[in-house]
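All chains are identified by letter, namely A, B, C and D, in their written order; residue positions are counted from 1 within each chain.
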Amino acid sequence: MSAFVATFKRDVALMWTGGGALAPVGYFLGATMLVPLAMGPDRALLEAAGPPLVWIAAALAVLATLERLFQADLEDGSLEQMLLSPAPLEMLVLAKGLAMWCVVGLPIALAGAPAAIALQAPIELVPAIVLSLALGMAAFIGVGLVGAALTAGVKRGGVLIALIVLPFFAPPIIFGSAVAVGDAVAAALSILAGCALGATALGPIAAAGALRLQAE
Amino acid sequence: MLTYLSNPQRFMAFSAWAAPLFFAAAVIALGVGLPWSLVFSPADYQQGETVRIMYVHVPAAWWSMGVFAFMAAASFVGLVWRHALADVAARAAAPIGATLAGLCLITGSLWGAPTWGTWWEWDGRMTSMLVLFVTYLGYIALWSAIEDEEKAARLAAILCLVGAINLPIVHFSVEWWSTLHQPASIVRSGGSAIHPSMLGPLLTMAAGYLFLFGALVMMNMRAAIFRRRVESARARGGEA
Amino acid sequence: MSGSGPFQDKPSLRVESLTLKRGERILVRDLSFVAAPGAFVEVRGGNGAGKTTLLRALAGFLKPSAGRIVFDGAEEPSLTMHYVGHLNALKGGASVRAHLRYWAGLFGVAERDDEALSRLSLAAQADLPARVLSQGQARRLALSRLVIAKRPVWLLDEPAAALDAQGRAVLAALIEAHRADGGVVVAAVHEALGPAPSQTLTVGV
Amino acid sequence: MIEGGWTFVFGAYGVTFGGLGVLAAVVALRLRHWAKRAKALQL
């Protein structure tokens, strides 16, 4: 079993025993619920402006899960052991990100279907919205790895992570919300895929660099 | 030049006279630029007197991006060659860049109110500037949250470099986004078609901003080096 | 390096005029020593004297401010060593066996949980989550990494912390067997571990 | 052509020069503070 697979399996198992996607998905749906409460139940208004707001809820739900991603490994010494693995730290970070995408990202993307419907998205757009959320989650998690690694040594760094990571959320949210309102769906989806790819490639490199410093 | 100044002692000797000199140059340039832009330059045939806001707004936009580029370069040097003075420089520049970005947003809003009829327009440039401003805030917040200064410098440098990759991406995304959402209904002078009579005051103001940045970043670096000396002297005193 | 035979390449550890700083404070100044195959180096010194810092530098986590750390006969230092620090690197939610399997994967070796369980007498706890282990059991689980992946250089920071007499005997046996195979042990200790050290370094003062 | 608008112009100039002035003052005061303490320690 390679170090990549071992790390992936372990993180999936740990996240699963820690409640899995229950809390993030619950948070996602709860935040979506607040939107019509804030906008008023007017269907026409929701139809016009509601669906892109699933992206705000999704971004918040991811942010909330990032804080402990590396902090726990730093505090309990697991990070030191990761540094002694034959696999480069970048690969192990990627494995952790992938685990998070599977346990948290995908369920949120799937929960995006009922959320988008509740916000009056046209039903034929829902599959595209779910797909865009799945891609967007990969982009969010890719840059989220960097934010989590940079703040791993900071106690109660949740707000700091959010502040650091939010500027990086801008491009996926822009293209994701274009999908949600049905504008240039194909183009937006392919750019979103590019964002996801870029974040997945660069995020682990920057995060691993930060984690090596954290271990000093 | 840069390698020469990379030694802290030499930097201190240089900045001791260079910082006041830059400051004086900034005062002169802004002192000339202020009446020039406010009184002696022509009003715009479309925008009237409000075009004068350009002379404070556009240099702020230019240098808030320029300062970030400076920080990214310093971060790169600090990260690759582990150069302490480069870390100090990057950190010293951040509050100045953040101030410029903030001023750019406020003056942009004050310009938008009479010309576009709104205090805030989500156009490409203002949105990108807002993202830049938030990036500055994140950078400063990360620096102040980490106690170990050496570690803070390295981590902030990583953030700065990643941010430097992000900003052009944000810019292009926002451009794409605004063409999607609003047909180009907003006409805005300042940009490609600029009258030569406006160029003089604009460049003078921009030079003033640049000199001021040079002076302030050196002063901030001097303060940081003095502070480090004080702290290390105390640490030695504490051990004895 | 499979099986329990001696190490083919027998790396030794060489430290040349090493200086380590923590912030502005110098913790280790101009330290040199050589640990040949089979050596057991005891590192002594008061609390905060720099024992941990020295071990972390040997592990490669910390960059020395001067001097060199050389692993002769090893291409990639981080693959030749084990580091057992103050922190046990345990996850409360994962079982003892899950830890052993994860470490085998992390270090890229074949799983040998049963051997590790019996040598560290953790067989009865194999399926318990780590959060219910006693401190001594948790420490033994951390030490089991030494058995799971055969690596020639062991860096141990207070390895006997929280261990009872039986645990100490297990640790002493592990160290003796490792030395007999030609491995190197560097251990920061408060009191003697049992096996007689081949040399003692004192840091701080 | 937009008539008037001087309020906005003065507002923008006021904010800019006020902001830069405050920034410069803070930087200068901080520098003086640390320079003084550094000199005091070296004597």
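What we mean here is this: a residue touches a chain if its C-beta (ideal position, glycine included) is under 8 Å from a C-beta of that chain, and two chains touch if they have at least 3 such contacts.
These numbers were taken from a predicted model, which means no experiment stands behind them.
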>> Under the stated touch rule, with chain B ignored, which chains end up grouped together?
In response: A, C | D
>> Of the chains shown, whose Cα centre falls closest to the middle of all protein Cα atoms?
In response: A
> A-C versus B-C: which has more C-beta pairs touching?
Replying inline: A-C
> From the C-alpha centre of chain B to that of chain C, how far is it in Å?
Replying inline: 49
> Can you give the whole-Å distance between the Cα centres of chain A and chain C?
Replying inline: 37
> What is the distance in Å between the mean C-alpha positions of chain A and chain D?
Replying inline: 40
> If you average the CA atoms of chain B and of chain D, how many Å lie between those two points?
Replying inline: 14
> Of all residues in chain C, which are in touch with two or more distinct other chains?
Replying inline: none
> What parts of chain A, by residue number, touch at least two of the other chains?
Replying inline: 216
> Can you list every touching chain pair?
Replying inline: A-B, A-C, B-C, B-D
> What residues of chain C sit close enough to touch chain A in their complex?
Replying inline: 56, 59-63, 76, 78-79, 81-83, 85-91, 93-94, 98, 101-108, 111, 145
> For chain B, which residues count as touching chain A in their complex?
Replying inline: 131-132, 134-135, 137-138, 141-142, 145-146, 151, 154-155, 158-159, 161-163, 165-167, 169-170, 173-174, 176-177, 180
> Touching chain B in the complex: which residues of chain C?
Replying inline: 23-25
> Given the complex with chain C, which residues does chain A contribute to the contact?
Replying inline: 1-3, 5-7, 9-10, 13-14, 17-18, 72, 75-78, 80-87, 92, 215-216
> Quick one: in the complex, what on chain B touches chain D?
Replying inline: 23, 30, 34, 38, 44-50, 52-53, 56-57, 60, 95-96, 99, 102-103, 106-107, 110-111, 113-115, 212, 215-216, 219-220, 222-224, 226-227, 229-230, 233-234
